[in-house]
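Down below are the structures I want you to see.
In what follows, chain A forms one complex with chain B and a second complex with chain C.
Then we have the complex of A and B:
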């Protein structure tokens, strides 16, 4: 019953999930077992790159959940992503221990550099993985709870919500740039050594992180799918399509929006936490409003309101980004900008919508040809 | 503060700046007649014997020529030379070791055999006094003010007092006069007679010259007469209150100045977002285009810097306005009624425009030259000086604001804009070409963004990221003030600017910005429709 609801009725999702599972099996095999001179070998660099894409896909999923289904456009999802990343980064910093440049047993390098003599209270506990993992969920979740409660309660919707979320991430970016905040200021957190006792640069760790990201993405997808196919999901869609009417029907619109927003922010936090050990750095740049708005365009390019469309979008846009930035870095912003315009003007349903349209045209074409042959026979 | 005299001097300055080129022409012809006299007297200094040189110096002082102070200060510093081969040629050594012709200032390179023209200590004192007098008698109020300030800093002695008294009798600028009075009183403080000291303290009450407080503190702590000590303490207190007041005035000014920049950035948005309901994330880039227009105009007419702004304002309005119309016709037209899509599409446009600026003008910042009439500051008193460029931009922001108000309220375009924004179908029914009005309105808003860019180019460097820095702030202003209400935008911009500047001293610039953003988010909770919400049916 549950599989029917989550998977079988969702063909696109099944295809995309299948591809991810395939990737999660094939890529490690090709990396570890295939000799490096073979054409089928996948380099560790590619593994990390794909792992990054998987995190982005999870993030795109979280954006699609609230934008595609509840019509809440958040231009501040980068904040939740980065907060999750910082929580993981703090754990990784504490794992460095006395191997830092200054060799202090507890304090990270940048604190020694700032002449701090003890760990600030909010760094306590981050030497334990379970605590950090909890914070990855709690910090973005709490922020979303407070912010969402304030915003939804006073019925800030649509464009206004988009702008104040953008202001939120902008404010956090400015705050995290300050050295006094105790998060490494401009440079952020970097030079990580190990995670859970394994060296972070080792091949095995990279593969594990990659597989973990793939698993998280699949889990996240199923969870989102569970939500949108539930009764709550229907209410949420009706909020998107007619908010006042839903409210008049007696549903507590604010609570529905709030819980969805909090869940989405936690997903974004998890994506950030998986992203940081793979790229090896987290800095305030992740909070920049440009980043957050880029996430939205992944979803728009893939096709909003389909969940698997978000994954398709995150992969294809980021793949294009990798291609363009290696080929000619200057042109990427032109392409990205054009993508924004094209997607909104010509492809409102994104790539997924384009596939559907092509398929439908093909179908009507074949229907037409069948009809014509039939009519010929009739003649 | 003299509130009535203020605008007059202000306008006077503007007037003067427009006349400046003309004045310069007149002056040059007058100086031409003095060229020969200058050459003659300068030669006399070089050739006179050491004993007669002071007479030669006095004679040189009589010549009215802008090079006279330059030659004298070179002589004072020991940088004045005569050419070994050509006795008639007088040279000045510059700070970097190269030589220039003392009479014309033309550069001569380094390889010339020279002989230093020596000065005695007595002559140094003489030259110092002459220079002080020359500066004191200068036509420029600022130079006179600075001369008095320098004298105070170096300590007033008998020689200076005479000079200052003489100047005080003919001086008509209030600022210089007050400073001279303070200087004379400061001299009197050193007197042995306690009556003189007391009356000096009395006249120093409320004097804002920096040295006054040190001197008064000395008297308060060490003066042998208790009455003088008391008077000094009292005077110090009154000065302190006054200083605090002017500090407050200064913060308000800086706040209003920041507010005026926000206002300029936000009124364009108030049109496109407030009146038309279109979210234009490329608004900042339209400002950037305006700023680059200023830069390009300065590159095209490098010797017309004084007039470049007069050309740049209409040019930037046109360029940004046309780009805006192109954006409206090409993209936004298809997205009316879909605000979130509009937001994304215009954001994409902003990325394209930014990258285009990087490709065309290089990613480096360009600096736009400040015209002479905009540089410098308006010294109201020793504790308060207002930078001219900020003052002009403040005025400019208000002018643009009221002009826009007039366009919306008094012209037929404004009438149509309001009609279309209030009831589109009814406006069309009575024959308003709604789509044409849309394009014009958007062009107007964009043009104003371009004009804001011109103003911004006078405050910061022009770069591809120029607009980005203001876009969030200006959206905040519009949201804070209330969408669709220009007065709200004015109050919102000025309010945010002042709040920001008042928080800066104790919170730091970045934290102040963060706090303001947080406060705004909380403010929106209380008043989701801004300070001045639209009432009635138009509200939803």
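Then we have the complex of A and C:
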């Protein structure tokens, strides 16, 4: 029954999940087993690139859940993504131990450079993976809880909510740029060596991270499906479509928005945590307000309010970005802007909507031809 | 495996129905279920309600008429917690003060409302609209993990028959006709098993036949529920009303049967003066 509810009733989602499973099997095989001179070999560079896309897809999923279903436009999800990333980065920094430039047994290089003599309190515990993993969920979740509680309780909605989330991520960016904050200033956290005892640059580690990202994406997708197909999901859609009516039905709208927002921020945090070991760096640039806007464009391009559309959007826009940035890095921003305009004006349902439309047109065409043959027969 | 089974059983358990009161019992022993006393609401100095007094008996069907801008909708806003009055008091039964409560508390407590403009959830099916309105536990966790009990599903079945939308049960509500949308909204009120129904202009834009069916529906509800209907359509009001209250400039101008009210010189003056 549950599989019916989560999967079978969702054809697009089944196709997209199927492709991800396929990718999670084929890519490792082609990377590890196929010899590197074969045409079917997948380079480790490509593995990492695809791993990054998987993290972006998870992030897009979190944005779609809150924007597509609850109609809450968050332009600050980069903050949750980056906080999850920083939590993971802190763990990776602590794993370096005395192998840093300065060879200090405990302190990361940048702290030695700042002449600090001991670890600040908020760096305690990050040498343990389970603690860091917990923080990946708790830090974004708590921020979302406090911020959401304040915003939803005072019924901040629409554009105003979008603006204050931009302010939130901007403020965090400025804070993380400061050296005294103790997060490595504008260099951020980098030069990682190990994760769970395995070398971070080793082929096997790369593949494991890639597979872990694929699994998290699938799990995240199923969790989101569980929410949107529950009664809670229908309450959320009603809030999006007629908020005040939902209140008069006896629902405490603020609570629904708040818990959905918290869940979404945690998903974004997980995405960030998986992203950082694959790219090998986290710096305050990830908090940039522009990033958060880009996530929304992915979702809009893929198709809002479908979940799998967010995955399609994240993959296709980022693939396009990879192509464009090698060709002409400066033009990407213009392309992104143009994309947003095109999507809003011509493709309000995104790529997924375009597929649907094409399919329907084909169907009516074949229906028409059937009809005409029938009418011929009748004659 | 066992754990999954248990979790599944847990999620299938019936939803606890919360006692729809406010920690105090609903006391209607003196007759009225709703006491609106001395209520004044001003918007930038303009008094939309001006020392309004209104008492509605338990099980009564009350019609409220009045020219545009008389304050009828504002009165409903006050009762349902959407607007806070500057002065006055609103009691549900003799004990429950509604002015300190928020919209969802009042709605959960047994006062349902139909808006002037039909507001149903267009993306959801008729069934889902009714499901949403059901008087099950409405806290986040319960809606995430529990489905409806058989009893609550039966209730959806009986309400959908009452409002005559059984053939449309699985259609998206956005595809219903105007009249059907209005009935669906009344059905959503009924799902909450309210003691009081506030119905704002239910027949606006309906065909003659639809209007007739709405009149039947509303009169059949009286007795079990107290129903307050705001309407401009005089023929409709005449067909259902026992007690009519005329509002004018934010206060009660006249009260009585339809005949008494229509022959009241003050009422004639207000309606002819328009």
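Here is the rule we go by: the second predicted complex is superposed on the first by the 379 of 379 C-alpha atoms of A that agree within 3 Å, B and C clash if a C-alpha of one lies under 4 Å from a C-alpha of the other, contacts with A are read in each partner's own complex, and residues count from 1 in each chain.
As a convention for this text, a contact is a pair of C-beta atoms (placed from the backbone, for glycine too) under 8 Å apart; a residue touches a chain by one contact, two chains touch by 3 or more.
Fair warning: this is a prediction, and the values are worked out from it, not measured in the lab.
Asks: With the two structures laid over each other on chain A, which partner does A:343 touch: chain B (first), chain C (second), both, or neither?
Replies: First partner only, chain B.
Asks: If we overlay the two complexes on their shared chain A, which of chain B and chain C does A:153 touch? Say first, second, both or neither.
Replies: Touch status of A:153: first partner only.
Asks: Could you look at A:203 and tell me whether it touches chain B, chain C, both or neither (first, second, both, neither)?
Replies: neither
Asks: Touch test for A:234: chain B only (first), chain C only (second), both, or neither?
Replies: It touches chain C, and chain B stays clear.
Asks: Looking at chain A, does chain B or chain C touch a larger number of its residues?
Replies: Touching more residues of chain A than the other partner does is B.
Asks: So, A:363: does it touch chain B (first), chain C (second), both, or neither?
Replies: neither
Asks: What is the contact status of A:245 with respect to chain B (first) and chain C (second): first, second, both, or neither?
Replies: After superposition on chain A, A:245 lies in contact with chain C alone.
Asks: In the superposed arrangement, does A:11 touch chain B (first), chain C (second), both or neither?
Replies: After superposing on A, A:11 lies clear of both chain B and chain C.
Asks: So in the complex, which bits of chain C are touching chain A?
Replies: By the definition above, chain C touches chain A via 8, 80, 82, 103-104, 107-108, 112-113, 115, 119-124, 128, 131-133, 135, 138-140, 143-148, 188, 192.
Asks: Touching residues of chain B toward chain A in the complex: what are they?
Replies: 279, 331, 334-335, 339-345, 347-352, 354-356, 358-359, 472, 475-476, 479, 508, 510-511, 513-514, 517-518, 520-522, 524-526, 528
Asks: Which residues of chain A touch chain B in their complex?
Replies: 73, 147, 150-151, 153-156, 158-160, 162-164, 166-168, 170-171, 174-175, 177-178, 289, 293, 296-297, 300, 330, 333-334, 336-341, 343-345, 348
Asks: Given the complex with chain C, which residues does chain A contribute to the contact?
Replies: 2, 227, 230-232, 234-235, 237-238, 241-242, 244-253, 255-256, 259
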